[in-house]
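First chain A sits with chain B, and in the next complex the same chain sits with chain C.
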Partner chain A sequence: LFQGVRQAQWLTKTKLVEGLPPPVLSIIDNPAHQLEDHEERVQRAISHARFWETTEVAPRREHYCPVLFEDLIHLCRLMSVKYPSLTKRMLARNYRISATWERESILLQVRGQNGILMNSMAPIPPVASKEEILATEEHVLETFYPISPTIDLQEVNVYKELDDTGKSSRFRDGYPYSYPHTVFFLESANIRPNRFRPEQLRAKMLMFAFGNALAKAKVLYGNDPKVLEQPIVVQSIGTDGQLFQFMVFQLNTTDLVSSDGIKNLVWIDSDQNLYEKAQCIPEIKKRVVTKPAGIYGFQPDTFKKFLALYLHGTV
Partner chain B sequence: VMMAAGLCRAFGALLLSAAPRHSRLPALPCASPLGLPPCLPGAVLAAVRRGLGCSVPRCTTDPLWKCRVKYTVRPIGMKKTGGRDHTGRIRVRGIGGGHKRRYRMIDFQRLRYEEGAPPQPFTEKVINVRYDPCRSADIALVAGGNRKRWIIATENMQPGDIIKNSSHIGRMAVSANEGDAYPLGALPVGTLICNLESHPGKGAQYIRAAGTCGVLLRKVNGTAIVQLPSKRHMQVLETCVATVGRVSNVDHNKRVIGKAGRNRWLGKRPHTGLWHRKGGWAGRKIKPLPPMKSYVNLPRVTAQE
Partner chain C sequence: MAASRGRRLLWHGRCWFSQTESADPSQPPDSLYPPIVASATAKSKAAKRRRLEHFNQRVHSAASIEEKLRLYGLLQRPKYMVYPQTFALNADRWYRSFTKTVFVPGLPPRAPSTGAEAPGAVAPEAAKTPEGAGGAAKAPEPGTVTPEAAKTPESAAGAAPCLDMGELRSLACDALLQESFYQNKKRPFLYRDQDHTPGPFLTQLVSTLAAFLSGRNPLLAASSLDLKPEVNYYWHHGEEVVVHGHRKGRVDPVRFQIDDNPHLQIRVPKQLPEIVPLESDLGDVPVIDHKPSKLPLFKKQYENKVFIGSKVADPCCYGHTQFHLIPDKLNRERFVRAHLEDQIEVLYRANGIASLFAWTAAQAMYQGFWSEADVTRPFVSQAVVTDGKYFAFFCYQLNTLALTVETIQNNPRKNICWGTDSKPLYDVVEDGSVKGFNDGVLLQLVHFLLNRPKEL
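Up next, the complex of A and B:
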């Protein structure tokens, strides 16, 4: 996407709020929701992913990124000892999403097989209050004259509109885990040009979270565009192994044809480093070890946010 | 009724392109050139399946690299000729070696309308200005509507400027800003212009080098007379479009090469060291200006009428 998050905002009719929403922040601050000695466990997980995983000296990003993700999810699942309702979640890998919507007489689609989706049995309660939702009415979406907001999108002939969440076919009705909870994106390509930059990654996260929410809304409330009384909330986390982007998206309306009226909301917390540098081999200058191997600049807050987003909805 | 052609976003979808062609993006199925030989070099076939955000190979050995039909903003790998023509012998001496270059497709026709856009004056925004290894001027990436393209930047063009392209000739001359493109009939006499076309719609072929500019001398009937940087006068139809201002990289002729190696990086091989006595061709010549070159086909006015 050319303009990144700003363009994604126009396409999904969304208003941006910096930082994470208050309910999530309150989960972070609550000490009852933390693992014991979680710092040490997270550091061990990082070391496992970055140092111990392969027989080579330093594992490449396509190895360590998924391993780190698995370890962090495992640590989050350990919390289900305290909260049994956390077991009512499932992960779907290689899931395919396709959602269509119309935006000022242009038909847009999100299609793709990207990321890992986590579904739950119960939906996440709406994060913003009614006043905030009504306040988005006055917010004006920014346009980029003379660039049209659909720049850099592929043009494709649409034969059939599909609204699916699921693998090749949709999740069948009656599937117990039917509410999309969080979408995870791992940027694990080896070469830097193949990976998305943080700005583009955030835009991608926004579009896919929107696609998931929209598909769910169409399933629940039908295809007519209208304002939802029960807004749908989908979270998403994107990472490239070191930098984390957290996002909470709330779908307030499926009336996307016009640019006025109630908008959707998104809270973005961007560029959270889990650690500054993971040194595989000790750095030696003039036969003296200046930097021994290890992890530098570890920040436990990033994992706390990860955990808070995981727990959000059941706590 | 929704538009038949929808716009699709596929970040993760790996659309396999059916045509075995240079596909930097997951290619549209209709972009296939004519006259492509059935067996392609291996370097090209390897470039078929690529993810988004990738770049093309740094260079190709494909002799048909110039035949790309679809316009793209990404730089394309070039094949160097080394001064040799199609028979394989050297036609121009002193060319060879030099740093690898990737060609960025420049759009010389400023008034190129997008598909489906009305033929009206439109504006574009400059996104960034950068060095082009293939020419002395700088190039600018501009975006407008749904597309991006490279154009030759003018002096003082900054990222974030808005430039205007128009084909409308009014009764009064327009006060043109630098970087805008207007037909010659709409510009005031005496403006500095660059990227001039000889025939309307042909694309700019004159005044493209760094720091050059032409001067609009006078406007006669439906034609305009421009002075080129070589002081030659040129007569063209007034509907030919030119951009206003001098071409960027103005101090290009003031640079100092410094060493022989820098010339070799530019791809210039050394001259022969053999001393020749110079003949009648050498030395300064003072002669009158050649006659005005006219690209306008005027109906011949016979004396009887």
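Up next, the complex of A and C:
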């Protein structure tokens, strides 16, 4: 997407709020929701992904990005000792999403196989209060005239307007883990041009979170556009192995044709570094080791946010 | 013999570099002359022995484990590639002879720590349920795992050590249903059926079970889960005469290399306890008079790797459980069509023995042991070999690494592998439900995951 998050906002009729929402922040601050000696374990996970995973001296991003993600998810899953309802989650890899909506007489569709979805049995409670939702009515969506909002979108002939309720839904009826909880995106291509830049990654996260929420709303409340009394919340985490983007999206309305009225809300916390640099081989200048091998600039807060988003909805 | 000290040139073939001798052992003060030793470069048996001793000395005195591994695998020569998952007939006999392993059918009796849970579990079970069979399901069963057809009712508020079979069963069924039924996936790619459904099912099952059981087993809480790791091991066993080439006629050790890719593996920071004492003798190792290439095994020359799944610096350096997925080209229907039904079990056994030998031996090398410095404590690991529906469980105890010609002569120790036959976890999945779910197999899997040292 050309304009990144701003364009995605217009397409999904969303208002942006910087930082994470208060319920998530309260989970972060609560010391009961932390693993014991989690700093050491997260550092060990990073070392495992960046140094020890293969017999090569420096594993490449294709290797270490998924491994780091798996290790972090493993650490988060171990929290289910304290909170047994965490076992009611299921990871779906290679899942396909398709959702359609109309936006000022332009038919838009989100489709494709992207990322890893985590489903849960219970929905996440809405994070914004009623007043905040009503306050979005006055908010005006940014447009970037004269650039059309659909620039850079692929135009295809859609013969079947598919939502997840359609025949090719990604999960069949009766699936017990019916609420999409979090979508994970791993940018693990080795070459920089093949990876999404942070801005575009955030836009992609927003579009897919919106797609998931919209599909769920259509399942629950039918296809008519209306304002939802019980907003649907879907979270999204994107990373390239070092930089993390966190996002919480709340779908307030499925009435997307017009640009007025209640808008959806999204909270974005962008560009969180888990560590500054991972030195695989010690840097030696003139036969003196200037920088020994190891992890530099470790920030435990990023993992705390990761864990908080994982626990959100069950605590 | 002035050349005995000072620079030594061209040890062990051309690829070794010239280097100065490491610190000479100090001369006893009463001798005026340097010791008379065999030549280092002559084409004689004494010279060869001396070169071998020098190599052993180098490896013994290596500064770090990485250096030791590097020296161990320094010389590259053609070696047999041993594949754990193989279609070869009676491969498990051959693999047992290569690795000096005794195979004991059935699983070892469970350790007392898990046995202590069983009486606590049996009492409330027996009080609540009239079915005696339910209680028997928890008692330790040395030997085969009998499938419990009667579903054990959920042990509700009962004692905490009770394993909640209903909960575990629902986790397993959910994972199975998601992968095979609920999630809409495209048709599997040709001959890639295993990646489509059983692979993700196994990953999902193990990760949720491990998280669920980490409360009971603190070792799991400190574990590290690897997806599709690499496990390699290189060793010598036996002797042969070089057949052709410029080295024709020389007597060489037979070299083997295992390069394995388990589907999933759990590594832990503490070692699993030994099952039987180090010097136990539970059977015989088959002796095969043919050359390994008759199996068929083929030779190739490449890097001699020893790797457990992560490097030496990782604190989780001991293995707990591996999970192997049988690939599509070795599935059961092919064996049945070729009228080779008995080879199905051979496939599972060969996979278990070879993979576990490679893993435990690599773990032992990571602790500094090698064929000249044999292990002082047994290394134990477990494995589950499956093709998505049929599960076979294996348990391996490594008692000796000394398999080379010189070290095997006075070595009475043998490695031991326990294993079961493959049993189905379920009959069929249709219409959103699992038919014929086998609790016994799931219970066995759970007991595998709960295995831990006695102190914990």
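Here is the rule we use: the second predicted complex is superposed on the first by the 309 of 315 C-alpha atoms of A that agree within 3 Å, B and C clash if a C-alpha of one lies under 4 Å from a C-alpha of the other, contacts with A are read in each partner's own complex, and residues count from 1 in each chain.
Here is the rule we go by: contacts are C-beta pairs under 8 Å (C-beta built on N, C-alpha and C of every residue); 3 or more make two chains touch, one makes a residue touch a chain.
Since the model is a prediction, treat every value here as computed from it, not as a measurement.
*Asks:* For A:Arg195, select first, second, both or neither according to whether it touches chain B, chain C, the two together, or no partner.
*Replies:* So A:Arg195 only meets chain B here.
*Asks:* Which partner does A:Lys204 reach: the first (chain B), the second (chain C), both, or neither?
*Replies:* Only chain B is touched by A:Lys204; chain C is not.
*Asks:* Is A:His74 contacted by the first partner chain B, the second partner chain C, both or neither?
*Replies:* second
*Asks:* Based on the superposed arrangement, let me know which partner A:Tyr95 touches: chain B (first), chain C (second), both, or neither?
*Replies:* second
*Asks:* For A:Cys280, using the defined touch cut-off, is the partner it touches chain B, chain C, both, or neither? Pick first, second, both or neither.
*Replies:* Touch partners of A:Cys280: none, neither chain B nor chain C.
*Asks:* Would you check which partner chain A:Phe51 touches, where first means chain B only, second means chain C only, and both and neither mean what they say?
*Replies:* Once the two structures are laid over each other on A, A:Phe51 reaches chain C alone.
*Asks:* Counting only touches as set out at the top, which of chain B and chain C does A:Val227 meet: first, second, both, neither?
*Replies:* So A:Val227 meets neither chain B nor chain C here.
*Asks:* In the complex formed with chain C, which residues of chain A make contact?
*Replies:* Those in contact with chain C are residues 44, 47-48, 51-55, 66-67, 70-71, 73-74, 77-78, 80-81, 86-87, 90-96, 168-172, 174-177.
*Asks:* Show me the residue ranges of chain A that touch chain B in the complex, using the header's touch definition.
*Replies:* Residues in contact with chain B: 2, 100, 102, 105-115, 144-148, 150-158, 189, 193-196, 200, 204, 207-208.
*Asks:* Residues of chain C touching chain A in their complex?
*Replies:* That would be residues 171, 174-175, 178, 181-185, 200, 204, 207-208, 210-212, 214-215, 221, 224-227, 229-230, 232, 305, 307, 310-311, 313-315, 432 of chain C.
*Asks:* Inside the complex, what are the residues of chain B that reach chain A?
*Replies:* Answer in residue numbers: 2-14, 25-26, 28, 51, 53-55, 122-125, 143-148, 162.
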